[in-house]
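Here chain A shows up in two complexes: once beside chain B, once beside chain C.
Our next item is the complex of A and B:
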């Protein structure tokens, strides 16, 4: 097991390097000179002299790989430099300020996803092709076709404008988290419900289920103790990845519900052309995906020792 | 396969919806009752009547006309994106699958890297760097999605290159380009169509989401996502504003999803 974990971590290191390289390299896609942008947003007229000073200040006169190496050293200390828009604010400070709100929202959604999709998935598998299974299939279909921003507006209209029981946005009032968390989790509930349902149905045809039935075990204990355990193993990797997807998926939801998290920070950075903030956001998301993937793989291997052999 | 598809009622209905929508989009200037850009500030938020069948928005623009003209950016740009993605991904996947060896290895590692990044974040990243605008949204989506197709099509090509008819073509001395054009492309085409149809819904939602956030199409051009963004601001006073574009979007997206599902069933050899 230790060997597997070590190998898996070793495999993640080159991926992390690639992610840092991409987030660093992306800045070169900017159609205009970053020095000029930095000057303009601070309302300094970009004279040749000012450009030269700024270029040196930002370290842009160095060759590409030297800059990449020093940038790597910087981000290792969680230093993403200064925001272009607000010179007094560091990018890491901005991110740390808005991260808790996003984590809170994503965590809440994750609990909803797990709490709703697992029981519903089980029910659908047990009562396959019965009324509830069909109703859930319609729900899955609708949830994949409805864009979540429209769902968000509809929920605001119903619960905040019409029924007046929940606030429309922000995170000051109590209960403000409910609507954004539900909006965020709806798509994922559909995905995982289907995943768990199908994985359980697949497991139900396995030989050990027939064996358990011939032994005369109760159907309840077959489902609860044998099938569920085996199908959850398979779903854990996907659920692990959903944490990263939920965090990156907050962009839209945060903007609808004025939730002060990193998704909104990123969008406003895009509008303001605040490239260091965008860069830090991309890097964080990339690292997050790799880490979640790593954790999901390791948990899955711990639960199912067969996987340690294969890879 | 086509005959099988025509028997499928769900596929027939969804194809009809898509076909009608596309036609309405092409002939939007003829069909639309009013100019989608013309503002009539006195008549803002007008209720549906004979002149404005779906009422007007916050600037007094005809909702139905905007909806019809919005078909163009919403559906046609999604189609363009999907076609470009498939062409690029297909080309790369075809090369990788057919060439094997080191070229295949390099391409597939690049694909792995692309796929390890979350697509939504990557689209945001590229749009963030290139700047706001519809063109950049399309470029970003293509740049992210091609890897997905490249992998699919590579495995398709790999599966077919070991079939006897390809071996036979090689044995009788057919050229590589002949084999690719006459054997491999037709063989993988049906699978590509299915994937594309399943993916269209994703692309449409993705593009309209970016427009909703203000990163895609810029006002005053009509687009469903942008219209919903405007409707959101009038949520308190005129909630019906959000119904038109939202329902239209869901209808078309689910049509593409259903068509994709039906195509998959039709292609599945298991269900004879």
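Our next item is the complex of A and C:
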């Protein structure tokens, strides 16, 4: 088991390097000049001279790989540099300031996803082809097909404008988290409900279920103990990825609901060509995906003795 | 006078799909007495396994079962689910083919053994574990405690087969139905499994239903023999009688195939 974990962590290292390179390189493909934008935002007229000074100040006159190397050195110490737009602010400070709101939103959504999709998935599998299963299939279809920015607007219209029971956005009022969290979780609820339903139905046809029945075990314990465990186990890998997707996926939802999280930070950084912030954001998300994947794999291996022995 | 334990009368199973009805088993009748072994042979798809499932009430719609299955005076086809559950595994035990897939891969063998034992006997996990270990020991498994702690993938198919038999034995059932227990076992272990069932017959006075498409194996164990083809019984009688004077063409075919293999088989068993 220890060997397995060690090997997985070692495998993650080259992946991390690739992520750093992509998050650094990708941003340089944007056609506009960050120096000009930075000057404009600070209300300085972008003369050639001002641009040259600014460029040197930001280190942008160096060749690409020199900058990449020095950036790598920086981030190894968790120093993501200063924001181009507001030079008094460090990037890590900005991120730490907006991260809690995003984590709160993503955490809430994750709880909704797990709390809703697992029971509903089980119910759909048990009552396959009955009314509830058919209704849920329609829900799955709708929730998967409707993009969350539109769903968010619909929910605002219904609950905030028409019914006036929930705030339209922000995170000051109580209950403000409900709409964005629900919007964010709908797609995942649909995905996991379907995943768990299908995986349970598949497991129900397995020979071990048949053998359990011939031994007179209660259907409740066959489903609740054996089938559920095996199906959840199959879903863990996907769930791990979803944690990362939820955190990164808040970008759109945060902007609809004016949620002051990291997604909003990222969007404004993109508009302002604030390279350090964008790089830090992309890097963080990449690392997050790798970490979540790693954690999911390790959890899965811990629960499945078969995986621990794979050489 | 032998005591009839399980009597199957006019058992028919159909399968409904898109309004069409497929007959899978037709008017099957047989009875089993205490301390007897009934062999059921037939090609794959002749309805042997379906018959076994129907006896235990394990078929659900779209399967449709008619007829009568009397077990110690009760009709199992009319019994309620809770009653049936108490019969399954405790009074009528089943041993399946494909032992490798018959266990939950995520749970140790011991836990799965005790699961049904605690349920049927109303005893503690610990007591059930002791019974399981004792039962395994009777089947020539020398370190039962080791096997109990292992996961299904960590032991061989032959071992899991024995675990299944051990589970069946703990409950001291009146009937054991063995549904093709040698199909998934390689040639070397077939002899072992057959020997196992032979000792089983001697050890307990249980009635045994032995289902197989392998006439060699069935012939060694059974007293009575039933040959099934396309869902019906086409031949029945004492083993010797069926083997030496088969009437139905399908039975004749099975016996002829056996003749070609049987010498080989016995030579092999003798060598062991």
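A few notes on this one:
By definition in this document, the second predicted complex is superposed on the first by the 271 of 311 C-alpha atoms of A that agree within 3 Å, B and C clash if a C-alpha of one lies under 4 Å from a C-alpha of the other, contacts with A are read in each partner's own complex, and residues count from 1 in each chain.
The rule we apply is simple: a contact is a pair of C-beta atoms (placed from the backbone, for glycine too) under 8 Å apart; a residue touches a chain by one contact, two chains touch by 3 or more.
Since the structure is predicted, the reported quantities are computational estimates derived from the model, not experimental observations.
Partners chain B and chain C, once the complexes are superposed on chain A, both fit on it without clashing.
Here chain B and chain C are compared by how many residues of chain A each touches, and B touches more. In the superposed pair of complexes, A:150 makes contact with chain B only, with no contact to chain C.
Look at A:215: by the touch rule set out above, it reaches chain C but stays clear of chain B.
Touch criterion not met for A:85: it reaches neither chain B nor chain C. Residue contacts after overlaying the shared chain place A:99 against neither chain B nor chain C.
In the superposition on chain A, contact is made by A:304 with chain C only, not with chain B.
Superposition on the shared chain A places chain B and chain C such that, viewed from the Cα centre of chain A, they span 90 degrees in steps of 10. In the superposed model, A:207 lies in contact with chain C only, and not with chain B. When the two complexes are overlaid on their common chain A, residue A:282 makes contact with chain B while staying clear of chain C. In the superposed model, A:60 makes contact with neither chain B nor chain C. Taking all C-alpha atoms of chain B against all those of chain C in the superposed arrangement, the shortest distance found is 14 Å. On chain A, the surface touched by chain B in one complex and the surface touched by chain C in the other have no residue in common. Chain contact summary for the complex, chain C toward chain A: residues 56, 58, 84-90, 93-94, 96, 98, 101-107, 115-116, 119-120, 151, 153-154, 164, 167. Within the complex, the chain B residues that touch chain A are 113, 116-118, 120-122, 124-132, 201, 205, 208-209, 212-215, 225, 228, 231-232, 235-236, 239, 242, 246, 249-250, 253-254, 257.
Every residue of chain A that touches chain B in the complex is listed here, in rising order: 15, 18-19, 22-23, 26-27, 29-31, 141-142, 144-150, 153-154, 156-157, 161-162, 168, 244-245, 248-249, 251-252, 255-256, 266-267, 269-271, 273, 275, 278, 281-282, 285-286, 289-290, 293. The residues of chain A lying in touch with chain C in their complex are 206-208, 210-218, 221, 226, 229-230, 233, 303-306.
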